[in-house]
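Submitted below is the structure of interest, expressed as structure tokens.
Order of writing sets the labels: A, B, C and D. Residues in every chain begin at 1.
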Amino acid sequence: MYPGEFDYHRAESVEHALELLADLDDAELLSGGHSLLPTMKTGLADPDAVVDIGHIDAMTGIDHSGDTTTIGANTTYAEIADDDTLWDSVTVLAEAAGEIGDVQVRNAGTIGGNIAHADPASDLPAAALAADATLVAHGPDGEREIDVDDYFIAMYMTDLAEDELLTRVEVPHQGPEVGSAYVKKPSPSSGYALIGVAATLYTDGGTVASARVAANGAMDHGVRLTAVEDALEGMSVDDVGDAGEHAGDSLDTSMFMDDIQASAEFRAQLLEAYTERALERAADRVGVAATV
Amino acid sequence: MAEHDITLTVNGNEQELTVESRTLLVHALRDELGYTGPNVGCESSMCGACTVHVDGKAVKSCTMLAVQADGTDVTTVEGLDQDGEFHPIQEAFQEEHGLQCGYCTPGMMMTAVDFLDDHDDPGREEIREALEGNLCRCTGYQNIVNAVETASNKMGGSGAAAGGDD
Amino acid sequence: MEFEGTFTIEEVSPEEVWLSLSDPYMIKQSLPGCQFLTEVEDPDDVDFEELREAEPDEDPPLLPEADPDEVAARGFDEGSHYAALLELKVGAVKPSFRTVVTIDEWDHPVGSASGEGDASGSSFEMDSGMELSETDEGVAIAWHAEADVFGRIAQMGQRVINPVADRVVSRFFSNIEDQLTEVAEEDESSGLRDRIKGMF
Amino acid sequence: MSIETEDPSEIDPAEILGSAIERREDPALITGDAEYTDDIQIPRMTHMAVKRSQHAHARIEDVDTSEAEAMDGVVDVFTAEDIDVPGSLPVGWLLETLEQVDHPILAGEKVRYQGDGVAIVVAEDRYTAQDALDAIDVEYERLDAVTDPSDALNGGPEIHDDAADNVAFEWEIGNADETEEAFEEAAHTVDLEVENQLLIPNAMEPRAAVADYNPSDNQIDLAMTTQNPHVHRLLMAGVIDHPENKLSIRAPDVGGGFGSKIHHYADEALTAWAAKQVERPVKWVATRSETYQTDALGRGHETHGQVAMDEDGNITGLKVDTKANLGAYLSTFAPSIPTYLYGTLLSGQYEIPAIHCEVTGAFTNVPPVDAYRGAGRPEASYIVERLVKHAAEHMDMDPAEFRRQNFVPGDAFPYETPVAMVYDSGDYEKTLDRALEMLDYEEFRERQEAAREEGRYLGVGFSAYIEACGIAPSELVGQLGAQAGLWESSLVRFQPSGTVTAYLGTSGHGQGHDTTYSQILASELGLDIEDIDIVEGDTDEIPQGMGTYGSRSAAVGGSALVQSARKVVEKAKKIAAHQLEASEDDIEFEDGEFRVAGAPDRSMHIQDVAGAAYLAHDMPDDVEPGLEASSFYDPENFVFPFGMHAAIVEVDPDTGEIDFETYVAVDDVGNQINPKIVEGQIHGGVAQGVGQALYEGAEYDENGQLLTGSMQDYTVPKAMHVPEMETDSTVTESPHNPLGVKGVGEAGTIAAPQAIVNAVVDALEPFGVENIEMPLKEERVWRAIHENGGDA
């Protein structure tokens, strides 16, 4: 099927994009296009206008200065997954980006498009939560920082306002005693996560001091697994897999995603198994990055 | 209905054309410019038969607006052979029977070329992962994997190994 | 698809809940994306554009501001038909559901309605019902709905339907709850409860 | 491990039969030069799109096309009312009890599956055509729908007025009394209920058609995605009431078929009809969503199977009761698939004294169900091999040895089964032994034991399959209900300068016919392959043909080619004898050369004979000029490829994940013309079998809405889903055709599913799991473990 008719506008700058958004009725933003165009081709989405922000240079690229990595919203998954420095500094994000879709999707799809779209079965929501990201949005009133914990609200619903544009993502660097990982059970057909679990373990002398653990695919938006995080505190890094059994404890399991791909009950089972795997992989990486 | 005058450099030839906002790159290439190598196999961005290179990177031309690609360099399967000589990937697909009906083959090869540009001597599992976005219903993939391996040998380390996916 | 649940609202009487849930304006304001909910004579001949044009800019007041008798007068009657336009936004997907609903049963404390509609190359049919009961804390609304979706949304949007439907339902009840909380607060001072009770 | 290819130009014609040469068709396919139907552009071409029912079952109350007709760029809109031709799709295989129902090309009164066509739009471009579909307003009165055959038969909503209880047919084969007796006398019996789920074929190229109509000579030229252009022409001539000799059908490059491009659908006929109405070229290309909604589905069986055995585990009887889903209408060959292509294969590789099979065909509200790669034979092989696994377990016997004990012995061929087949040749122990060797079976059982101790679950599964290809002969299939003969035709024509063109009635779509047929002809005529051209898939060029399906092309088409080639040689021999001034009886033909016996320097190459034949200055008295011959080859029997496939898997009981350790395929497809092509067919077939076993399945909701309506939801296996395969073969020639070939196109698909399911069930034996329905989605595997308590 083919998209319905619309007017295409190419934004030259962030300001230009905001102007277009303000002026146009029923406009959608287009970055890599891998969320919007497939939906338009099914006929489910049929906007009057499309604002292409994919050519705004100021929103592209990865910058590792100080103790934070800043990733422009237009940066493709491939650029993120291929960034060696990011693999050391924020492993979970690089790993999640490399798990998205396929080579062609990763060459075109962007981090900003993904996080703004907020598909609960995509891979970046959990990774952004586990990486403690800050999302920077531009709106008519200027720039605003959103803590990732306040960002994901529901399926395709975020804290971003209609007139706002996500311009970059900021992630703090892992310290030397930190290990992080993202593992997923993809749908064999779509490649989206039936369950994806991202984990960052902050350790101190072989013990978990704190953790950020989050999941995609379980609920209608990316969620922190706070019961797992609590259980991990004080645990030896050798035993972290045991905390996987708490994966569902902090979630309302009656609200688990439930469709032909996987029932809620099976998702709960996968969530435990994949949380265990994510924690163990993250634990294996503690201290590794520091030596690279 | 909004129309746009765009320029695409396809296989080295600069081409000017007028497209609707909604014209997909694959239809601009096939219906407007006559590059029928990239095929349309689905509309869900899953099959990869339409894969071309845009500015050197493999993308699905059914999931990109033609107007989005304005000003880019596009390579289709028609641009793989040079001076009448097959590209190593083409030779390898023929040698290994890496195709049967051939419908997925142009996209499959374009993905493989992009992959081999960045990966020296990949393992079979790695090749299978790299071809995730290209569906083939005929070959069972085994001879495709063989072909990519063979092409890698033919290309003999021309690509620099990329880091990233440790 | 079947949905069901029980929703509890504290410190209100069944009569207040019933009257509120009988009020088309209350339903309209509580239902996410509802542009209008208008009684129509012939369910087979509805001009949605005309109804949208005719919809006044401002709704009349709801309980507790509204006069209970007026609310009762405009409340649902068994056998009546309503046209509704629901505009939802699910990411870039913004379906506009044109719906005609028939009130099949409306007799305190039991009500049921059924309807059908279409949107985005798709159509749907719906049967729903509720029953109120008094509890120690307030009122429990046991509700159930069965919805069938056909066409493009069923085929392409299958993964999304359940979570979105869950969300619409939960927002609907939470809006009702907010409104009835106001009714409960009003009761403290005005004796509204007794007045409403007297109507049944 | 994999077969190395050779450059055909370096191979002597005497060696070419059996050589793994590179494919001749590939240069066009790897450069983008190939021409698929959607690549065709014709000046003034319009685009057609089909308005499809969103309901699976509904009465049509009104179709309002006015808004669509008024749109810019819309050329015309048509509904059922406009169809002025018979417009009803025919059934090509009849059964005695078959309830034939009307199958209109556009639904007028009632739609019976989601995707049934209601109207068509012809527009200036494809985007506008689709826009116009959205502007067509159809009012429906929705009716209850049913998608499951048992539900349909047991009080389901009536789908056709003429088909009471939705019964399309009732059919049986074998001997009921003898089978009953075998069960009464049995020392052991086992039984199993299995489903063989509905599959969506998913050829990578969606169906498409381009029609060009010339009013001045009433000629329709139709290019379309077809596996059998002549059959389509014959049927379509009736459907659109157009003279057969004024309808040309051509198959350009076709991007896979797997059966889905055999059948006569509405859309291609509508394209041709519409071109006639608008007097402009019309192109129709299915979107993938449309192929999901309208391509004929495969399989769809619910089966109860039972096995009777004596005290030693010898199978004494087999009883099968199947409810077959036929979908909303009878597709072209639908009645033959769950009957003659299924029930007749239920003896498998085994000597079973008594078999009885009953099949009830049911109408349901899913798209029509017809042949999909394997067509009936995978369903038969699945129930037989699942039952055998189950029986061996019941007898506490090794599944490989249980099979060996029950095999038809090697000296019993030709072997007549109780279900009307005469197996041509076979040696089943040979493929079993080779497979066991490749698996290192004894060692595996030890490893399996050790792994279980560690809480790891490995399993091995076998599939001893047999299939019947090259369905024939025509007289027999006619008695069974086929409305066509199943011969194949060929024409071999020398040009005066010595090149040759061969025309075949088969129609390849990825199988490498160009290469295979060239090898046959090069070998027969002693020519370099460069001098040979193969033409297929065009009713204008090829006199007649039946097409490519059922793994018939090598056995039937190849034999037709050999027959024509030999006729050419016969004629050439006469001319050569005359030219060489020798008696015809003294002429020998070898490697392209006619030689006078005993005088080796007196010789003439067949290419020079061709020159002489067309020059015709000096011909023998009773010989006409020219050098060509045609033939219609009608086989005397089916051919019966067989083999043993086996898988070793490991199952993770926590997640239900299945990992392949090994997949082994030992096939006997008779002589191999090009072993690399044979290997490729096995690979591809197995991949589709893996798809059925683990991933694929059309799912509908209770209203008949397709839930797996795109590649996002229906898993077409990806490269990483398909195991590395280790293939080998044995060769048991078929005595029934001059090439000794059997057929390979479907073998892998027939063999693979039960090898994999048996392996998973074997792995989960400690959990007491006896059966899991395909596809073995991880959730199902996990539930099967879980529902048995989850304890090993």
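In the analysis below, a residue touches a chain if its C-beta (ideal position, glycine included) is under 8 Å from a C-beta of that chain, and two chains touch if they have at least 3 such contacts.
Only a predicted model underlies this, so the values are computations on that prediction, with no experimental measurement involved.
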Point out which chain occupies the most central position, where each centre is the mean of Cα atoms. D
Round to the nearest whole Å and give the separation of the Cα centres of chain B and chain D. 29
Where the CA atoms of chain C average out and where those of chain D average out, how many Å apart are those spots? 54
Here the gap between chain A and chain D, centre to centre from mean Cα coordinates and rounded to Å, is 44
Among the residues of chain A, pick out those that touch two or more other chains and give their numbers. 1-2, 4-5, 40, 42-43, 189-190, 260-261
Where in chain D do residues touch at least two different other chains? 126-127, 134, 287, 289, 707, 710-713, 716, 718
At which residue positions does chain C touch at least two other chains? 121, 152, 156, 158-159
Pull out all the chain pairs that touch, please. A-B, A-C, A-D, B-D, C-D
If we count contacts the way the header does, which residues on chain A are in touch with chain D in the complex? 1-2, 4-5, 42-43, 185, 188-190, 260-263, 266, 269-270, 273
Contacts from chain B onto chain D in the complex sit at residues 20, 22-23, 27, 30-31, 34-44, 46-47, 49, 76-78, 80-81, 86, 90, 93-97, 99-106, 109, 124-125, 127-129, 131-132, 134-146
Interface with chain C, chain D side, in the complex: residues 54-55, 114, 134, 142, 289, 293, 701, 703, 705-707, 709-710, 713
Could you pull out which chain A residues touch chain C in their complex? 26, 28, 35-36, 39-40, 42-47, 117-121, 154-157, 220, 255, 257-261
Quick one: which bits of chain D touch chain A in the complex? Just the residue numbers, please. 126-127, 130-131, 134, 287, 289, 654-655, 695, 699, 707-708, 710-718, 721, 778-779, 782-783
